[in-house]
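As written, the chain order gives the labels A, B, C, D and E, with residue 1 at the start of each chain.
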Amino acid sequence: MQHMIGWVWLWPLGVAVLLAWPLLRRRAMPLLLLALLPAWALWGLAWGLPDLAMGKIDQAWSFWLLGSQWRLDALSHSWLGLTLVVWTLAALHSLVMVSAHQARYALFFLLSLSGSLLWVLAADAVSFYLGFSLMSLSAWGLVIHEGSRKAQRAGRWYLVLALIGELTLFVGVVARAAETGTTTLSEWSSVPGADWVLICLWLGLAIKVGVPLLHVWLPLAHPAAPVPASAVLSGVMIKAGVIGWWLLLPGEVMAQTAWPEFMLWLGVLTMFYGAVFGLMQSDPKTLLAYSSISQMGWLIWGLGWVWQMGTPEAGMLWLSAFALHHGLVKGGLFLSVGWVKQSALMAQPGLRTATWMGVGVLALALAGLPLTSGDWVKTALKAEADNAGAVVPSTLLWLGGLATALLMVRFVAVLRDLGGHKPTAAGNQTLTGMTIGVWFSWIALVGLVLVWPWWQTSHWGTGHVWSGSVQGLASVATALLLVWLWRRLRWPEWEAPPGDVLVGYQWLGAHAHRVFKQRHRSWRARKRLAARHWRHWQTARLLKSHWRTRWETRLSQWSVVTAGLMLVALGLVASVWVTV
Amino acid sequence: MSGLIYSLCALGLVMIGLYGLARAHHGLQQLLAINVMSAGVFMLLLTMAARHPPADAVPQALVLTGIVVAISALALGLALLRRLAAEEAESHD
Amino acid sequence: MTEWGLALLVVWPLLWGALTMVVPARQVTVAGGLAALVTAGLGVWAVTLSPQFLVLGNWSTPLGLGWRLDGMAQSLIGVTAVVGGLVSVYAWLDKGLPPTFWGLWLGAWGAMNALFLTADVFHFYVTLELLSVASVAMVALTPGAGATRAAFRYLLVSLTGSMLFLLGVALLYGRYGVLDMTLLAAQMTPDWPSMLAFALMTVGLLAKTAVFPLHGWLPQAHAKALTAVSAILSALVIKAAFYGLMRLWLEVFGPLATVSASWVLGLLASAAIFWGGYQALKTARLKRLVAWSTVAQVGMLVLALALVVQAKAISSVPSVHLWQGLVWLIAVHALAKAAWFLAAGTVQKRADSDYLAQIGFALHRSPISVVAMALAVISLAGLPFTMGFLGKWWLLSLAWELQAWAWLLVSLLGSLLTMAYGWRLLNLSLVNRGLPQALKPVSVARDWVALCLALLGVMGGFGGHWFWEGV
Amino acid sequence: MSSSFWPLAVLMSSALPGLVIFFIPETRRTLRSLLNIGAALVKLQLVVLLLLGLYAGETYHWQWSLMPGLTLALKVDALAGLFLILSAVLWLLTTLYAIGYLEHSPHRSRFFGFFSLCVSATAGVAMSANLFTFVIFYELLTLATWPLVVHRGTPQSLAAGRVYLRYTLISGSVLLLGAVILHGLVGTPDFVPGGYLADQGVATVWLWVVFVLLLIGLGVKAALLPLHGWLPKAMVAPAPVSALLHAVAVVKAGAFGIVRLVFEVYGIEFASEIGVTDLLLVLAAATIVYGSWRALFETDLKRRLAFSTVSQVSYVALGVALAGPFGAIGGLIHIVHQGVMKITLFLSAGNYAETLGIHKVSEMSGVGQRMPWTTAAFTLGALGMIGFPPLAGFVSKWYLGLGAWEAGANWVLAVLLVSGLLNAAYFLPLLYRAWFGPPPPAWPQPKTLSRVFETHGLLLFPPLITAMLVVLLGLFAGLNIATLGWVQWLIHREFGL
Amino acid sequence: MLDAILTLLILALAWHCVRTTDLFEAIVVFIALGMLVALAWTRLQAPDAALAEAAIGAGLAGALLLASLRQMPEMSATRAPGAKTTGLGWFWWGLWGALGLALVSGVAAIQTTSVSLMPQVQAHLSDSGVTHPVTAVLLNFRALDTALELAVLLWAWMAQKQLFVPGRQTVYPLQGQVLKTAVKALLPLMVLVAVYLLWRGSSAPGGAFQSGAVLASAWLMLWLAQLPGLSRKQGGMRLGIQAGWLGGVTVFLLVGLLGVFQGAGFMGYPPDQAGAWILLIESAAALSIGLLLASMVLVSMPDFQEGTL
């Protein structure tokens, strides 16, 4: 078992190499599922281990990349679970929903899969950084998969910001490694760090999490990517930032610093920011992207709370539960958008209603309706957070919940408009058995979302799903009321371009580019002018080259020679006479 | 006393030779100037020899050698001049 | 035995030189060649002798003539033997040489050997005179008005130089009554007549070595001369006069050679380096470029002499390696310049034109000569793995020890200038757009002689420590 | 000190064949290639043997005294081993590549002759045991590489050759001046790990003067900021030469010289004590940023790679200037890694030029489809350059980062960040255009060089092998046979930890 | 008093010789100058030098100069039109004056120093084989000087032989029988004088150079009168002439080498046979100097035909 971990993330890379084989390239899609098998095997086996709760199993390859180690403990086990579920669903759906450039899609899919598996299991900073950058850069391939202008623009912004984030993270990780003297993450959490190092680390990961002003790539990338890819982007990759914070930043000593306070308020701000701009979107996937940003607000807030606890380990379990909840629901919602677009399926009345039923369940779960995973997790978090030191007024949290609910209602409305027009009999989209099978896997996901909280509480043996408070119900109700009111009064529907502040960035970029271009052009003109002068001066000098022959003839005249003779003789005599 | 006069005469010859060399426009004049100068140097040597009664034989021997060297140099110079004159005449017509 | 050898060293070339007048034209090259090789053998053998002082005809020095064989003389005889021997081989291969060349060359060689051996100032004058007459005659060998005019100018300058030298000797004799160098050095007192003699003799020799103000004759003479002759002139004849300068400044006029006197030499040397270098950079003809490079390199030698004199005057610097450095630089220049001239001559004969613009293709077609020229330039410029590099290192470290910043800079710029005009030539050989002309057939053996000389310049670097410690 | 002839054997293993090749007639292609490849293999074999011997604690020293106080001494120590193994391996690959590349061009004997001489000069630079020998081989390197730069004989290559000479010869004499002054001050003892200038009581002003002189001399070849002008211009040379210039010999000799100067002449503590390393640090940092910045605007592919070399080589100088064990490790590793990565890029650029006639960056679009393998190698090289984790570039950047922190120079980390970004900015568009760009209707000068592969076999495999090296050196950095292990062993000895 | 007049006369002549632009006039003045210088040298008790100067410096040099002048195209050395030459400005004259002053002060300083090698010469005169000190110095004490000096003469001739270019001037035949009979009468006398000078050389001023000069003039007289003599047409004569040229130097050097065998050192003679050897060398030298000088003058004659020499 010990030696399994290393192979889990190497296996997808091996499969990617197989892609070089031409005949495999044509049927690349099944390979995606093949790549997930060892990971599932490890996840399954890990369940059986008794010491999973207490200790952890790790593996070290000293020769590998500056000596890397991996570990599997309770936390990483749950993250692994989340990753596997979402990636498997994405793999299944890409069988159906991705048709063009399958080989290239598969290559990038496998690379980013191995990256995400690696950073989940990483126990040393270098492996985490390797996993993180491998995932984020190969995800770029998924974002620009469609090749349309919108996808290219999204890809460009995604890459620029991912690169900046990744390099800042590199600087942070190197400085932190130098500061702590080791690269094993477990030892990092107890060593206090210099401010700028922590800021570098935080900034590197914040870009991936989508903190306001750094989030501009998210609303562009998610809609541009094919549906399964955006499910993974939202479900797994966005979590990498938060979990990265937890792994890299020194959790145990954070309590003394101002970080928790900052994180709490940032979390709340992100919730509202995501919601407000989300409402202004008309495209369902962009709306979902904004909702992910706002949900991330919860996680940021949660981290702020976790850091204040004496033993952050326990708090983290709840956070990973929330992450699991958000991953499943958001992945499901993104896939649902895919299904709604799948007109062939919609043609079947039975399937159509079932899909809409699933969408409804997921939306409500996210909105936090009682008895659903959303409400359970949120209320549990709020209850736990009360006894922490710094705290954020609970009304704000409630408003956050309301915002999410509003978003969900808006999403359903937008989705209905999208699906509303009659399902035209799309020519070639025949309803194959495979699509049905994949659809059922989506339905299974919806079921999992419902069942999961009950199973989790019984497994942990603490807390229970029905928290008894009506706050969740109240928020959903008020959300419905507000939307109905809005519609009735026909208030204007504000429209904001996806990536809101992005427009400002672009204007800034264009302006800087114009200024630079102008200066560059004048510099080149000056250079050309100097070159012309030099050539002119050269030819002038050549013309009067006879200068040297004139001097030479003058020098060889006898009067000059004799004068030279006498001069040198007298000079010598003088010089000797002077000193002696 | 007479020694001083002759050494002045010798130096005079040398300086006139040098002047001749500087102002000469024709190869022959330059050769003449050099021979004048060599006569002056030999005279200087002989005045050195004649400073004390038994005239010193070594400078006289040197002068003899010098004269032969001077005449051979002159002969070579003239041969070159003749060759030069012939070649220029040839190149003109 | 050694006296017998040394006597032969002088007599053998003179006798055979004289005999070439009698021998019919056909056999002259053979006779001359053999005599040259025997002289070379004798010269190399002379290097192995231990330093000694020899009195001619058993007459003790103030009266008789003395021969002195010390480190400096031996090395120069050796260099002359080696370079002379190889140039003779080249001349033997060059069918175009008039037969009288051999007579003149052997005469000049004998004169040089006598010059290096003699310890008597007047005898030095006589040998120098014989050398000049022979050299002028060799320059005049080339047909054409240009060569004759150059030879005449060379004769005039060397005669003037000799006259001044003789004037100096007369003053010396008048002041000390002795003509032998060692005795003169012993009695030398820095009074007015000695200073005057010192200045006159130095100017005389400067004229013969073609240092800056008096260099006018050299470029024409060396450029117009036949290939073998120009190699002999540039590599060896110039060195004989420079040897005289070394003897005067380092030995005979020891007390007079002060630091300020070395400044005069230094200024002349710098002028020679830059003027010679600049002219070489700009001239459009091949052999003239090499001739101007001689003017520049002689400047370097005089600069080295100025530094050594300054070191001796301060006498704080250990003088054990002083004259060895100078001789080393002379050897470097002799080997490199001979190789360069021979190679340039061969290429010029192939291209049948002296203009740099027209020899591109010939350079292209004679790789061995190009390599020889390249090695020569590298050695003169003081780039690694050549004797020149060690010489430059010695010169720079000497200049550094004497804190002589000016001369340090001048020597660095000098070698850079050498690289500049050297590379003009090599650039031509690598350009591949020269239009294919008809090349004159010239035997490849001649290229090999030039290469052999250049390789000696490189290999000499390795034998260095034997020279520095041994001799 | 066993004066064994091993170092001489390594030197001669490439010099003698070089001299012989000069005389091989142009038509005898097989003999020449055989001799070339044979020499390369022998040299590689010798170097590996030496390294193993070194690891077992042997010492190899050969000397020959040229002048009193000046000896020509060759010594194979760990530092030399590092450079030797790099030049031996890359020379073998470049020779294979050159044989393929110069298939029908004239003057091949001359080319390969100078090619081998150049590598033997590099070996000499690596193995020189004192400053005097170093200066000799350093200048020999210039002489050996100049004919390669002007190999084509076209007016542009001659102009480039002239610029190259002007820079290197002047710097050579400045280096010589510095060496002479040092010889005057302290004589020329052998390089010793802790540096021999520490307790010689030399006035600091002279130490600074000598350091500046030597730095100028070395800086030209190491393409430090003000002295890098010749490198982009030398791009007119054929691809194997530019690969040789950038990755194997010339630029590395400069960087290696700086390492020797700071480590084994001044000694790292003494150098930082008198503050010369700060000058080097600022210069290296400036060059890194400037090089990448200029590379951003170059439209010609090879000029862009040249400017990227200008910035990459200064990493070595940066590492050395950080005056700490980690910085030193980073610098030294980068010598090898940059060599491997840069040679991949140049060989692939050469492939493009030779097979499709692509010289401009704009002509690169869609080249991925036409020549997938070469572009894959190019991509690996480029990603390595940017410093992505699994590849070789990351390891050296990692240690440079640690070194920067250890030396307390935090702004150096910012420099690494900015240069990483700039690297990405000028490499990634290239890759994007290569893989995702639409292929043009017709390539500038398409040639079908081989039926089986996308281009001539000899042209294709060397870049692939070096690309593999880039990945392996990155992934298995921990192994002691890889550069990191070797360098750590070296640095521990050097710093006496 | 006489010395003062003589010095002034010499300097005036020299100044005129250098200043004149007419070459013929310059040469004539030069010859006169030679004669006066010879006279001055007799005043300085240097009879040998005076003799040599008169015979060679004035006589033969004059003949050479006049003969060469015939072949120069332009008779006078007017300044070539347009050739811009820097006139001798004040700077040049300043230097000239300074150098003159320096020389005068130098010579004046050493006028009184009483150094001379004469005592050593007289001490060793007894075993030098000759009684006349100058000949002893020339042929024994500094023998190699004289040997090389003969070599210089030979090599100069070798160069001129190479440079010879057949004269194209028209030939003015020397008229009449008067010259022929005069030459026939004078010839034996001149030979007698030459032999006498040679013989006396060992004990009084005279010797190889002076007798050589006389022989040369005898030879020239013969040729001028077109009497059969020097022409190479007769086979035997040609070889004789060539041997004659080399004679001086080769005999001198070979005897020098012999000295090494006999233990007297290079260029040394065993004391007892010194006189004999010196006589042998003197006669050989006289013969070769005569031949060489004559040949040099002959070759510069305008109507000299290639074959004769």
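The rule we apply is simple: a contact is a pair of C-beta atoms (placed from the backbone, for glycine too) under 8 Å apart; a residue touches a chain by one contact, two chains touch by 3 or more.
Remember, predicted model here, so these are calculated numbers, not experimental data.
Common neighbours of chain A and chain B under the contact definition above: C, E. Comparing mean CA positions across the assembly, the chain most remote from chain E is A. Core chain by CA centroid proximity to the global CA centroid: D.
Chain centres here are C-alpha means, and the one lying farthest from chain C is A. The chain pair A-E and the chain pair C-E differ in C-beta contact count, and the higher one is C-E.
Here the spacing of chain D and chain E, counted between their Cα centres, is 74 Å. Taking each chain's centre as the average of its CA atoms, chain C and chain D sit 43 Å apart. In this assembly, the C-alpha centroid of chain B lies 27 Å from the C-alpha centroid of chain C. Annotation: 37 Å between the Cα-based centres of chain A and chain D. Under the contact definition stated at the top, not a single residue of chain D touches 2 or more other chains. In chain A, the residues touching two or more other chains are 559-560, 562-563, 566-567, 569-570, 573.
Looking at chain E, one finds that residues 85, 88, 92, 96, 99, 102-103, 107, 110, 113, 116-117, 121, 141-142, 145, 149, 152, 155-156, 159, 163 touch two or more other chains. Under the contact rule defined at the top, the touching pairs of chains are A-B, A-C, A-D, A-E, B-C, B-E, C-D, C-E.
Taken together, the chain A residues at the contact with chain B in this complex read 558-559, 562-563, 566.
Across the complex, chain B meets chain C through its residues 14, 17, 21, 27, 30-31, 34, 37-38, 41, 44-45, 48, 58-59, 62, 65-66, 69, 72-73, 76-77, 80-81, 83-84, 87-88, 91. Contacts from chain A toward chain D in the complex involve residues 61-67, 126, 129-130, 133-134, 137, 144, 147, 159, 163-164, 167-168, 170-171, 174-175, 177-179, 196, 520. Residue ranges on chain E touching chain C, taken from their complex, read 102-103, 105-107, 109-110, 113, 115-117, 120-121, 124, 140-145, 148-149, 151-152, 154-156, 158-159, 161-163, 239, 242-243, 245-246, 249-250, 253-254, 256-257, 259-260, 264-269. Residues of chain B touching chain A in their complex: 18, 21-24, 30.
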